[in-house]
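So, here's a batch of structures to check.
Two complexes, one shared chain (chain A), two partners (chain B, chain C).
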Partner chain A sequence: MWARAVWLSLRAPFGGRRGFISTEDPQGSGRITAEMIEHLERLALVDFGSREAVARLEKAIAFSNRLHAVHTDGVEPMESVLEDRCLYLRSDDVVEGNCAEELLQNSHRIVEEYFVAPPGNIPLPKLDEQEPVLHS
Partner chain B sequence: MKTMLGRTLREVSAALKQGQITPTELCQKCLSLIKKTKYLNAYITVTEEVALKQAEESEKRYKNGQSLGVLDGIPIAIKDNFSTSGIETTCASNMLKGYVPPYNATVVQKLLDQGALLMGKTNLDEFAMGSGSTDSVFGPVKNPWSYSKQYRERRRQKPHGENEDSNWVITGGSSGGSAAAVSAFTCFAALGSDTGGSTRNPAALCGLVGVKPSYGLVSRHGLIPLVNSMDAPGILTRYVDDAAVVLGMLAGHDPKDSTTVQDPVKPFTLPSLTDVSKLCIGIPKEYLVPELSSEVRSLWSKAADLFESEGAKVVEVSLPHISYSIVCYHVLCTSEVASNMARFDGLQYGHRCDIDVSTEAMYAATRREGFNEVVRGRILSGNFFLLKENYENYFIKAQKVRRLIANDFVNVFNSGVDVLLTPTTLSAAVPYLEFIKEDNRTRSAQDDIFTQAVNMAGLPAVNIPVALSNQGLPIGLQFIGRAFCDQQLLTIAKWFEKQVEFPVTQLQELMDDCSSVLENGKLASMSLKQ
Partner chain C sequence: MAAPVLCSGCPQRCWALVWVYGRCRHRRGAPVGSTCNWMRGQSSVAQQPLHTARKPRKGEPEWAAVVGLEIHAQISSNSKLFSGSQVCFAAPPNSLVSFFDASLPGTLPVLNRRCVEAAVMTGLALNCHINKKSLFDRKHYFYADLPAGYQITQHRLPIAVNGSLAYSSCAGTKQSQMTTRTVRVKQIQLEQDSGKSLHDDLRSQTLIDLNRAGIGLLELVLEPDVSCGEEAATAVRELQLILQALGTSHAGMAEGQLRVDANVSVHRPGEPLGIRTEVKNLNSIRFLAKAIDYEIQRQIQELENGGEILNETRSFDYKLGCTVPMRDKEGKQDYRFMPEPNLPPLLLYDTASLPAGADSQQVINIDQIRERLPELPRVTRERLVQQYGMSWDHSFTLLNEVDLLAFFQNVMKETRAEPKKVTSWVLNTFLGYLKQQNLAVRESPVTASALAELLDLLDSKAISSSAAKQVFEELWKNEGKTPAQIVSEKKLELMQDQEALEQLCHSVMQAHPHVVMDVKGNPRAINKLIGLVRKATLSRADPTVIKTILERKLSS
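And now, the complex of A and B:
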């Protein structure tokens, strides 16, 4: 039946090389290297937190690999469904603002009219230097 | 005779005008119901004082014969990812607990300008990520239909020793709180948001009308964004006509949201269609998946037959790339999420951790503490797809597939089809304990299957409740329309609603029975996801 045919084709085996993913895995579930974990955590400024989370990402990547079965030669990427319309531009007049006080109220740490941030330009410690965050 | 709470918006508005009931009385009724149904966990914040004050003002207007419109004095609820000035807006996340926006979302402002009474902010999946309304820091939302007589009777057949309340079913998500609020009669309409089906899914599982307008029709200013290119504010009501009233008030260009179209819009009244013989209804064959429950499939088939028997043309159509919609969504959604969630760093608003060593350390710890696993997982996935080496293969590829999907719909509508008729969900609501056996991403991928592609293409769609399942739980069907033909879509939906006669009032009486039982008996404490 046609519906079944579609589902079967979605389970086509994974192939090809991918940057940080080992291709030795026959199931194509794409294991993520420790290097990649650190790289993503640094970019996202969010940590995996557990082995399960890494496994979930691996599953998500494997799931996304199904996209490669679609033929998209000559197809332009679509950024917005409203691409055929002209974007509305309003005139460059100041119509609102002057609400610094209101906005400052939402912050936990302010001094006069400044948001206070800790010192910058201090890189996060490397994975092996910091306290182990990954729980097994 | 229907109780006031079970009536349509226009009926209640007329009653208010005639003085049969006052806004304050209406407000009190709803507030009292909210208290009685607290166990549903539909509301995060109940704005009792605000609502009563608004009711007072509305009453003055009615006395002076100066009511603002159909929505004046009508209790409504708002999903907690819409900014409400002076009222805590949390997105059901630790990241925004205690955050009080200094402005109203445009859609909120429009409702308030019409005199609507704000009952409260409703519960949702954290940052609108999920299809069950089970991943909130405030606990999951319970489907009011779990407490219907029919469903309870089935439960009693289960073995002894099971807790009275352990078999409750989910509302669906992520606008589950809004759906539960409307379904339990605590308000007449609620705002939800719809990125992958988040308004239509809970509408189907809670027996409501759930509208996702065309992308660009309703302003997203103030809606805390998930996927900027797919988000749409959604409307949940008990009747199609009510949804049309609300949509008419909300639609239109907003200078503060440059993705709203500039076409003129005015509030519309839905004509009462009597003749469907000029319509062409499309049935997408790819939606007939093996996982579809036989009950839903049977109702879908009956609905198609109904249109045919009334003279409409019913044709099978094909959306060849639709099976890739979920994968495509997964990549695009997580990528946009990775970008949208970057604003939460603890510096200007929201949660902030205690670490002060460095900016990066502070951001990282704040985000670890503020976001739950689902959100963090999506951010990390998104960052993966946006890496230089993956950008072309995943993100751009997904954007290309998106065009193919959008084109599929265009082709179908160009072939003369007026609306598509499809299921909304695979089955009726499932028990919470069963739902949580799989993780959020898996569930979303399964549950969004019929609704998601609509967001890809930016089309309008609506869920109409059709019938109750064998278990006594609601099942709905979805209509998908052409872009910016929302009025035509709702007109057809209204005709269908009339033919179907879904049992709306049944729930009210049964809930009254049930509230007293639950208040006296021992209730399981809200079971949080483990």
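And now, the complex of A and C:
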């Protein structure tokens, strides 16, 4: 349609990928590239610190790829186990809130009834510059 | 905050669907600072008046700009989209936050019926197809004001799709030449609002208030059918009026109830669309137009200088009148959309498909909502033009000012005067006074009844129109007097005694025989006589009546 639609479709489309492996490596050897690791680390803020962790990830993906053995042509995908349930509609009344004190007790630091967070989004360093840092 | 009246009295402008931008060059590739005479007075990008953009010379390539708007409107409801905490503008920090809003473990979203109705109403008003089945998804990103780490939205299957928003734009100077443009509505979806962050750079921290977190938003994604700042501004203004008429959103941009992001790109006609940039931080309609026009100019300049446009997010700095890159949004975002596992599909019904014996609280009937839709601004304007014979410009102005239409209709109810007179007094005199003193209609010292009474006096020829203006000025002082009282106090009544008037005319004619002689040669000299008679009557006679009497006397 136009530039934005093209850009949107480049984002990981929901359900579009049939397993990371087939798109990265046509041989299906199950190798995850360094770029993929870096991407996942930034998204999920986890630390794939060791080679074992990456290997475990590859094994997990291989395990779940066995789903491809199931023949699903012409079958509607199930998006939610709740698909036959009725979505309950609540009436528009105020019944909650007013518990600032209780909520603020959960926070490590508060300033005058505000939660305190680090400033903005701290950009992660690049993979080749230094080891990725785990954010608390 | 009064939005600018965009259409009344606007100078000669002609907006084609493709925005043609010409640049003055002797040759392509000439440096920007060339000493071409045309460039003088056009160097400042931010202030370049749009209608003096020069048409391209033969052989020079044109530019077309494309703007896609994304609008977030806060739904006007008592409680939030998925929780029962209150929706309120100003409240102590974190006092309107439930456990779900703070995303404490073990909490679940429960959909607010009012928000769904608001979405359906808005979809119907914008001619959308309402999806009888829509789905909720999670959009993941990390930011301190999004405690869950994801926002519940409708990415795959939104509640309404494929609509249109019609707005009018000025073409030519004639008031009758109002062309209608439409921008297609790609989709309308329900989503959660995030909390508010207050950046404390001094102490290197951010303070988070979650009062706003979880409030229902309508995201309206418009197709890129808009091609310049003014079109975008008019379209957004019309959307604002529609949302306010429906009651689905207060849609105040300054209060953050209506947020607009613009995706801007330029390209040569016939070629594929260019790289787009996203412009944010637009908190008034005026800045929206300015920012878009600035960004279009910036991109054209950049490309003509051989540069590249980066696919980035930019913020509008209203003090400098320019867009600057936003530091926080570097790199592409992968939102990892997934279905919201805690919410089944949202099913809507119409009268035909309504299940028998269903709990009316638990089902939403689209047909019922369609029947209850209030009158939309376009229809109101048409009705005003038909009913009162006013021009399109007038109908725009009446709807553009808060409470002005109600005021006008109240005056019409109580007065015998002609609609045209009422329109003129309300839009010129009344509105003029309001604007001069920066008052809202609600704060007006003159009530609709008072104005109606004044217009009745004028209509019955009890006072002249200049006297009426004096009375209005007195009324504005709000000293508690009625128009009739002011008229009698200041002796502004028109002379009703025909004989006395004739006597006066006669005596004036006697006193100024040379002027009478002049009239015989120059008919326009009668105005001098009229003036003299008026002075003699202390401005209490109707000039047209004086003229008739004088003419009769002169011809006899």
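The definition used in the following text is that the second predicted complex is superposed on the first by the 99 of 136 C-alpha atoms of A that agree within 3 Å, B and C clash if a C-alpha of one lies under 4 Å from a C-alpha of the other, contacts with A are read in each partner's own complex, and residues count from 1 in each chain.
Everything below uses one rule, namely that a contact is a pair of C-beta atoms (placed from the backbone, for glycine too) under 8 Å apart; a residue touches a chain by one contact, two chains touch by 3 or more.
What you see is a predicted model; the values in this text were computed from it and never measured.
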Greater residue coverage of chain A in the superposed arrangement, chain B or chain C: B
First, second, both or neither for A:61, with chain B first and chain C second: first
Chain B versus chain C as contact partner of A:90, first or second or both or neither: both
Touching partner for A:53 - first (chain B), second (chain C), both, neither: first
Which superposed partner A:112 touches (first chain B, second chain C, both, neither): second
Chain B versus chain C as contact partner of A:82, first or second or both or neither: both
First (chain B), second (chain C), both or neither touched by A:43: both
First, second, both or neither for A:98, with chain B first and chain C second: second
Doubly contacted residues of chain A, that is, touched by chain B and again by chain C: 2-4, 7, 10, 39, 43, 45, 79-82, 85, 87-90, 99, 103, 106, 115, 117-121, 123
Footprint of chain A on chain B - complex, ascending: 99-100, 102, 215-216, 229, 253, 255, 258-262, 285-286, 288-290, 321, 323-324, 327-328, 330-331, 334, 338, 345-350, 352, 355-364, 367-368, 371, 373, 376-377, 379-385, 387, 389-390, 393-394, 396-404, 406, 439, 441, 445, 457-458, 483
Chain C - residues contacting chain A, complex: 66, 68, 77-79, 83-86, 92-100, 102, 104, 110-116, 135, 137, 140, 142-144, 155-156, 197-201, 204-210, 224, 263, 265, 273-276, 311, 327-328, 330, 332-347, 361-362, 364
In the complex, chain A residues that touch chain C: 2-4, 7, 10-12, 14, 39, 43, 45, 79-100, 103-104, 106, 111-121, 123
Complex contacts: residues of chain A adjacent to chain B: 2-4, 6-7, 10, 18-20, 36, 39-41, 43-49, 53, 56-57, 59-61, 63-64, 66-70, 72, 75-82, 85, 87-90, 99, 102-103, 105-109, 115, 117-124
